[in-house]
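First subunit A sits with subunit B, and in the next complex the same chain sits with subunit C.
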Partner chain A sequence: MASGKSPLGHFSILYFAAASTFTGKSTEHLPAPVLARNLFTSLEQLYPGIVDKVLSSCAVTVNLEYIDLDGEDTPQLELMIKEGDEVAIIPPVSSG
Partner chain B sequence: MAQAQPAPSSFPSTIPTDPTTHQTASTYISLTPHPLSASQLTTFVRSPSAGATVLFIGTTRDTFATLPVSSLSYTSYIPLAMSTLRSICSSLLSKHEIEKIAIVHRLGEVGIGEESIVIAVSAKHRQAAWRAGEEALEEAKRRAEIWKLEKFVGGEGVWRANRDGVMGVKVEPDEGKEGREGVENKGESGTLDVSEEG
Partner chain C sequence: MASISVIETIRKQIASCESQLRDLRQQLAEAEHQHQQREQERMRQDSSIDPLTHDMSYGIHDDFRSEVFAALSHTEEDYSAPKRWPLDMSEYKRYGRQLILSGIGLQGQLRLKNASVLVIGVGGLGCPAAAYLVGAGVGTIGLVDGDIVEESNLHRQILHSTSRVGMSKVDSARVFLSSLNPNVAVVPHISRLAPESAISVVESYDMVLDCTDTPASRYLISDTCVLLGKPLISASALKLEGQLMTLNNPPLPPGDSRGGPCYRCIFPKPPPPESVLSCGDGGILGPVVGVMGVLQALEAIKVLTKDPGTLAPEHVNPEPPTLLIFNGYGNPMFRSIRLRTRKPRCAACSSQASITSEALNSGSLDYVQFCGSVSPVDALSANERISVDNYAKLRSHINPFTGMEPSKDSHILVDVREKVQFGLCSLEGSVNIPFSKVVSTSLNMSNVQTSGPQEPGWVSELKGIPDRPIFVVCRLGNDSQITVKKMKELGLDQGGQRWIGDIKGGLKAWREKVEPDFPDY
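Up next is the complex of A and B:
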């Protein structure tokens, strides 16, 4: 992957498919820590319109694990994205 | 490899030049930029205890609904897709009475009519091989973190979504460099109801 190590005080974020097209990037480093539930808001500030056009249909992974932010059962509302974490935006998949 | 024209710039840094492969005695998984070999997979799953081998070959199609497709490329979150495919294989091995399973998917630019996914399953008996083979394909299409960019004749590109048979997100062409930099995409509402090949 293109991410590499993130600089001090940052995490890596990977953008795939439509997320990559929208941001014009496949990866970048963003300041850490940030609450996972605030991630989309931060991205909206960087890329106006991204929530509505892309992120609303995307899943999110942190260090290769899917996180659950809107499930009623056990939403990971306090999950903190930390320095050095690898976050990825996962649009609907289309293999085959 | 493309000829004189610039390489597709949609995801240049995310397609490694070497395959990523995971192999055990009963499982073979690979994500590769190279052409796929169906015979390599049937050789892998061959076993003296298997009476049936099922092979699925998914090839890239030249149309989406009625729109002519000029080229396709696939990108992937490789470490996550490998882990998802491993989990699909191990659950099929425990759920069905199969001997071996192999799944390979092509990444990067794929010519029309070429193999994009190949699945081979061997089992003592045909029923288990058929079922596991179909389930492997359906699960891979539903879950594997791989994305297809279809470029239509005329230059427009669309990120496809398997879910719901929707068309996905449109990618506006931008002169000289189709793909990412400075390109703004638009939400796409085309809900063409078509089912898809492999």
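Up next is the complex of A and C:
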């Protein structure tokens, strides 16, 4: 996984499990800043279908901290994802 | 054919019975040995009374003597009730290496001995988890699984063995575990956990390990643990990745925000059913799932040996729960994510919880429906499909549709399995176009012009040979149908001029009906 510093004006995003399969990537850099509420919309533009097929059931973290995007009134929807932040998309894995 | 498989089955059964018998003999020998040791110890204690008996036998009045003896024997009973050492001699030896750790010690070992843990799922996670818990001396281990051991389990499910293929996973695991540590009571529950019986199965245990393999069972187990106030160690693994969480810890009642979050707090929505891969479809590397199962055992030991004083409300949540993500081929391999606290409107653990014991027991909670299920694909009409028998004839004899003699170039056979699987085995002459490539091909790229600049290579290549019919095959016969539809939407059928269809039942059917030697992986 090519993590590490994101270039100026970007944040890094990590894709796990089904998110990695869908995007064909484990990580990339996207333009910052982005409001957490708009994260899924910008990913949908890059990867049509990803919201329904993957993101709707995923956990999302910013800098290794879980953020709650479920529901319309959660305060973390207003969180600003800034330059240099690390976002992770974590789909539930159920097999074992 | 049939008789060979019968012989094979009987052979396997004999082998498995023999191994069970061997194991029982060993257990018997161990039990007899222990019994003998205990007897000898008792004899030594008895004989130590001798000098006293001798002294008391001379010059003392009978009545007085019997009174003294009664008193002595009474105190002796009192004396022996609280044993001198809280663990058996053999336990000090067996657990010595972990007893001397400051985090365990005598108190920790006694907590393990008095604990009972339910391991749900005795597969890739449950096997290593149960092995380490039994090894560590957890007093009682319950095992829940309704499956039987299959050959394709053995590369990762380390409690089972080649000779026990065909035995129930729970029985097979018991053979291993009871020979590993006869001090542990292993309780079998040979069935899949069902909503109606979940509470009665889980109730008597102190803690639960979720080692299952479906979204439905994950929600069911989490809900049950919340209702019963049991901490839950949940792990999962697929391909090269795994996840681990300690949930509902501390296991405070629903509505108490100081309790640990449950599975629904972290993943309120189940993944879309068509995106859910089993280990059979997605693949799994043994050590990857093994690491996750071992970590479950570690977390369980940590929770079980913790001083109960620290679970009091004033000590609650010194550190928030974490989700550990493992990627066997990643760098770093581990990432620890700080999780949320209980979700204020969680359906299971909040004050507004809608999930109750009554609903669970009555069976009115349909977890399978909640998570959705995939029905077999039925996307094509009969004239867009060909059976494996007819396709085999077409390859060797006469085309049933055109009556033409076969020739190498009579048709195109497209195999849509992923590249790795195609590399394992394929039908001669087939071309590989992985399903993921087919699915990600967007329609507007190709439909507009005959060969747009963005058109993927596979589309233009097939367009370049417009006169040959296309047969599509996959592993089981689902992806092939979706591919046929997509090819037609992309205009590859030349407006109906060219026949495109799928081979019904895929390579599985091909192996079953045409070529038994085709590998079954």
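Assume the second predicted complex is superposed on the first by the 87 of 96 C-alpha atoms of A that agree within 3 Å, B and C clash if a C-alpha of one lies under 4 Å from a C-alpha of the other, contacts with A are read in each partner's own complex, and residues count from 1 in each chain.
The criterion applied here is as follows: a residue touches a chain if its C-beta (ideal position, glycine included) is under 8 Å from a C-beta of that chain, and two chains touch if they have at least 3 such contacts.
Computed from a prediction, not measured in an experiment: that's the story for all the values here.
**Student:** One more residue to check, A:Val93. First (subunit B), second (subunit C), both or neither?
**Tutor:** In the superposition, A:Val93 contacts both subunit B and subunit C.
**Student:** In the superposed arrangement, does A:Ser26 touch subunit B (first), subunit C (second), both or neither?
**Tutor:** The answer is both, since A:Ser26 touches subunit B and subunit C.
**Student:** May I ask you to decide whether A:Ala18 touches subunit B, subunit C, both, or neither, giving the answer as first, second, both or neither?
**Tutor:** both
**Student:** In the superposed arrangement, does A:Asp68 touch subunit B (first), subunit C (second), both or neither?
**Tutor:** In the superposed model, A:Asp68 contacts subunit C only, not subunit B.
**Student:** Touching subunit B and also subunit C: which subunit A residues?
**Tutor:** Residues common to the subunit A contacts of subunit C and of subunit B are 1, 16-18, 21, 26, 52-54, 57, 61, 64, 88, 90-96, listed in rising order.
**Student:** Give every residue of subunit A touching subunit B within the complex, in rising order.
**Tutor:** On the subunit A side, the touching residues are 1-2, 14, 16-18, 20-22, 24-27, 52-54, 57, 61, 64, 88, 90-96.
**Student:** Quick check on the complex: what are the subunit B residues that touch subunit A?
**Tutor:** Against subunit A, subunit B makes touches at 10-11, 13-14, 58, 74-75, 77-81, 83, 105, 116-117, 137, 140-149, 159-163, 168-169, 171, 179-187, 196-198.
**Student:** Mind pulling up the subunit A residues that touch subunit C in the complex?
**Tutor:** 1, 3, 16-18, 21, 26, 48, 52-54, 56-57, 59, 61, 64-66, 68, 70-71, 88, 90-96
**Student:** Mind listing the subunit C positions that touch subunit A in their complex?
**Tutor:** Touch residues, subunit C against subunit A: 121, 123-126, 211-215, 218, 235-239, 241-243, 266-272, 274-279, 282, 284, 289, 292-293, 323, 325, 327, 330-331, 335-340, 343, 345, 436, 442.
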